[in-house]
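Next, two complexes with chain A in common: one pairs it with chain B, the other with chain C.
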Partner chain A sequence: MKIVKCRDVTKQYGKVKALDGINLSMDENKITGVIGRNGAGKTTFMKLLAGMLKETSGRVDVFSQRPFNNLTVSVNTIYIDDQMNFPPTLTLVELLEEGRRFYPNWNHDLALGLFEHFGFRKKDLHKNLSKGKESAFNMIVGIASRCALTIFDEPTTGMDAVVRKDFYRALLKDYIEYPRTILMSTHYMDDMEELFEDVLLIDQGKVKLHIGMDDLRGYAVGLSGKKDDMLPWLEGRNVLYQKETGFDDVYAVVVNDDQQNDWNRMGNIKRSAVRPSDVCVYLTNDKGGELEHVFRSGKNE
Partner chain B sequence: MSFVQVKTSEVVGKQFLYKLKSYGGVFTSLVVIQLLGVFFSLSGSSSHGTGGLGFSFNIRTYSADIIMAFTIFWGFMTALLLTTKAYREDDFAFVTNRLTSNLSTISFLVTAGIIASLTACLSSFLIQVAAYIQGSEVHMLFNKEDMLASLGYAAAYTGFSILLFNSIGYLAGMIIQLNRLFLFILPTVFIGSLIILGVNDGGNPVAVLVQFIYFEPVFWLFILKTLVLSVLFFALAALVSRRLEVGR
Partner chain C sequence: MILDTEGLKPIYLQIAEWIEEEILHGNLDVDDKVYSQYKLADMYTINPATAAKGLKMLADEGILYDRRGLGKFVASDAKTIILEKRKDESIDQLMESLVKQAVWLGMSEEELLQRVKKVWRERTNENR
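For the complex of A and B:
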């Protein structure tokens, strides 16, 4: 069953198009990483799925229903970000109790276990938590609710490395025990590589890539060699990134297209794997050039 | 994965309890505003005295009118407050849609209003005690047999007034949430209409409302009028809220 279906979905804020013609569908019980630059439209996309925003045009279907203002979608979906609006008068444990009352699949033992593990005090208030602690608490709510569609928007904001690792493990363990569809946006893709089964790369409001993690690992290949060898070879190929690495050396990232790439004719060009996170960066690079331009232009004036 | 279905009424019930627990501040403000009302009432609403050779007396009338007025105003402000983002979006941390959110908030407002109207009426006793402590001889204006009935009427009038002002506040709040500009437009239109329409005497909206509701001699008609108006305003507010997205 397709959990999520989007047809020509556009979301506009005033004149700005945050999402522009999104078409995709997602299978159930997969962990999908939602990757993209700042302002690419990741949050807007996920809020649409959670029914918090309404699409400007097109059609979003979650569990074959329109999510906006939909109770069935709401009870089967949870959206966790770093701006969770919990009532300031309830203590942390009371908030977990509320979670138990609202979500039928809620696992309270797990919630309390994680609560203990991350060193929360029962009487603490959500608004008094530090940034990292707040994220950890929201994460507990997200995991324990066991919603059929669980959405994490930047769940690791402010978490230290240890908590982050624990979070991945907790999520994975509970996911294996109780499979569900999980969407997670993050800028720490290297950390989460092992977690993701699919990757959705969003760039400037459009879907740039929606493939399996394994396909992403083989999506591109890094090549390095002497300029004289490289430049003719790169001619006419799909080059994602190119940089001079030394006096005479060039490093380039090329889309791994088996039919086109004749590996035998490459001669002195060395091949290397490209990390998926780097592929994502290369795919979404602005054409405006590198940061140095900003400083160079400043000097000239 | 297991897919769950829930009933609207079930979620409304859960949200209602959730709100009772988490909106404690609403009752704190109620206590504060009623104590303030009691304080202002202590000097009495009218007083006249006279004396003769070797004697003098002074009659002071105490009433809980100010407390009731304050409480009705509190009802307006509370409803307005609950439409603000901080409160409205509390629901969206858990399970909700706009309908359940509105219904549970309105249920909460009605409950709080009932409590407020009861405490407002009972505060008249507090004033009597205070007057007694000040050294006055206290006489009630109604006899003991009528007391319960009078209290009941007073509570009903206050309660339904609170409900009406709840609904006005709720509607105004939702309109403001739709677009911040209404924060300026609504008061401007209101005060402007007071001035412009007030030129023909009794034509301004407040006078019309007071005439229509509070000059109604039949008790049940008063109840009916406030009820119908409140339902109308709440329904309009719910309609407006359907367009609101979750900003957070």
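For the complex of A and C:
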């Protein structure tokens, strides 16, 4: 079943188009990584799905309904980010109690178990938590709610490496026990890629890629060798990135277009893997957007 | 097993190869039930769909068989299939790069064969 459908979706803030013609659909019960540069439109996209914003044009469907101002979507969706507002007078445990009252699938044992595991005190107030602790608490709410559509927007802000790892494991374990659709935006893709089934790469308000994680892993290949060997070979290929790495050495990242026979005839060109996170960076780099240009021209626009 | 997340080899293939090794080493016998996709996902902290892909590949190759509702089990000729497959894949692949390298170094066919034979003799004596 398609749980999310977007048709020609646009979201405009004043004159700025945050989303520009999004067309996609998402299968039920998958974990999808939402990847993109800062300001690419990830948050706007996910807030549209959660019904927190209204599309300017086009149509968003979640559970076959328009999410904005919709109770069904609201009760079956949770959106977790680092700006969550909880009632300031309630203690952390009271907040969990409220979660139990509102979300029909709420797993209270899990909530309390994680609460204790991460060392929270019952009477603490949300506003007094450190950045990392706040993220950890929000994450507990996100997992325990067991919403059919669970959205995490940069959930690991401020978490240390140990807590991040625990968070991934907790999420995966509970997902295995209780599958649901999970969207997660992150800048720590290397950390999380094994968790994702699909990846949605957003760039300048548009969908750049929406593919399976395995396909992304094989999407591009790194090649390195002498210029004389490399340059003729790169001719006519989809080169995502190219860099001189010595006097006459070149490193290039090319789209892996299944010409397996060709790989064998490459002579002295070495192949290497390109990490999915790097593929995403290469795919979303503006032309001429390398940092070096700033220093070369000597001016900062 | 530690998953290699940096290399070219997809995770589902690594999972499949690990199960193959369990079969070759006898940790999984004919008609034994193999770990479910969920168990594998939990063990290696990977998406269950990735684990399922590895299991499906082994089933497609006849190394595992399905019992509806019960899971996947080791087929009776699993070992033979795995060994044949490894000969095709790893030996042929290694040979490919070996010959490539030898040609690049200007080695003759005769010299390469001599060297292979020498290593073969040393290794097989060692094991006795």
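Everything that follows uses one rule, which is that the second predicted complex is superposed on the first by the 295 of 301 C-alpha atoms of A that agree within 3 Å, B and C clash if a C-alpha of one lies under 4 Å from a C-alpha of the other, contacts with A are read in each partner's own complex, and residues count from 1 in each chain.
Heads up, the rule we're going with is that a contact is a pair of C-beta atoms (placed from the backbone, for glycine too) under 8 Å apart; a residue touches a chain by one contact, two chains touch by 3 or more.
Since this is a predicted model, take the numbers as computed values, not measurements.
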{"item": "Residue contacts with chain A in the superposition, chain B compared against chain C", "value": "B"}
{"item": "Chain B versus chain C as contact partner of A:R164, first or second or both or neither", "value": "neither"}
{"item": "First, second, both or neither for A:L172, with chain B first and chain C second", "value": "second"}
{"item": "First, second, both or neither for A:L71, with chain B first and chain C second", "value": "first"}
{"item": "Partner chain(s) touched by A:Y103 [first = chain B, second = chain C, both, neither]", "value": "first"}
{"item": "Which superposed partner A:G218 touches (first chain B, second chain C, both, neither)", "value": "second"}
{"item": "Shared chain A contacts, counted only where both chain B and chain C touch the same residue", "value": "none"}
{"item": "List of chain B residues in touch with chain A within their complex", "value": "1-6, 8, 11, 14, 17-18, 21-25, 85-87, 89-90, 92-100, 242, 245-246, 248"}
{"item": "Of chain A, residues touching chain C in the complex", "value": "30-31, 168-169, 172-173, 175-176, 190, 193-197, 213-214, 217-218, 221, 264, 268, 271-273, 275"}
{"item": "Residues of chain C that touch chain A when the two form their complex", "value": "3, 5-8, 10-12, 38, 41-42, 44-50, 53, 96, 104"}
{"item": "Complex interface listing, chain A residues touching chain B", "value": "28-29, 47, 51-54, 63, 69-72, 74-76, 81, 83-87, 89-90, 94, 98-99, 101-105, 141, 148, 179-181"}
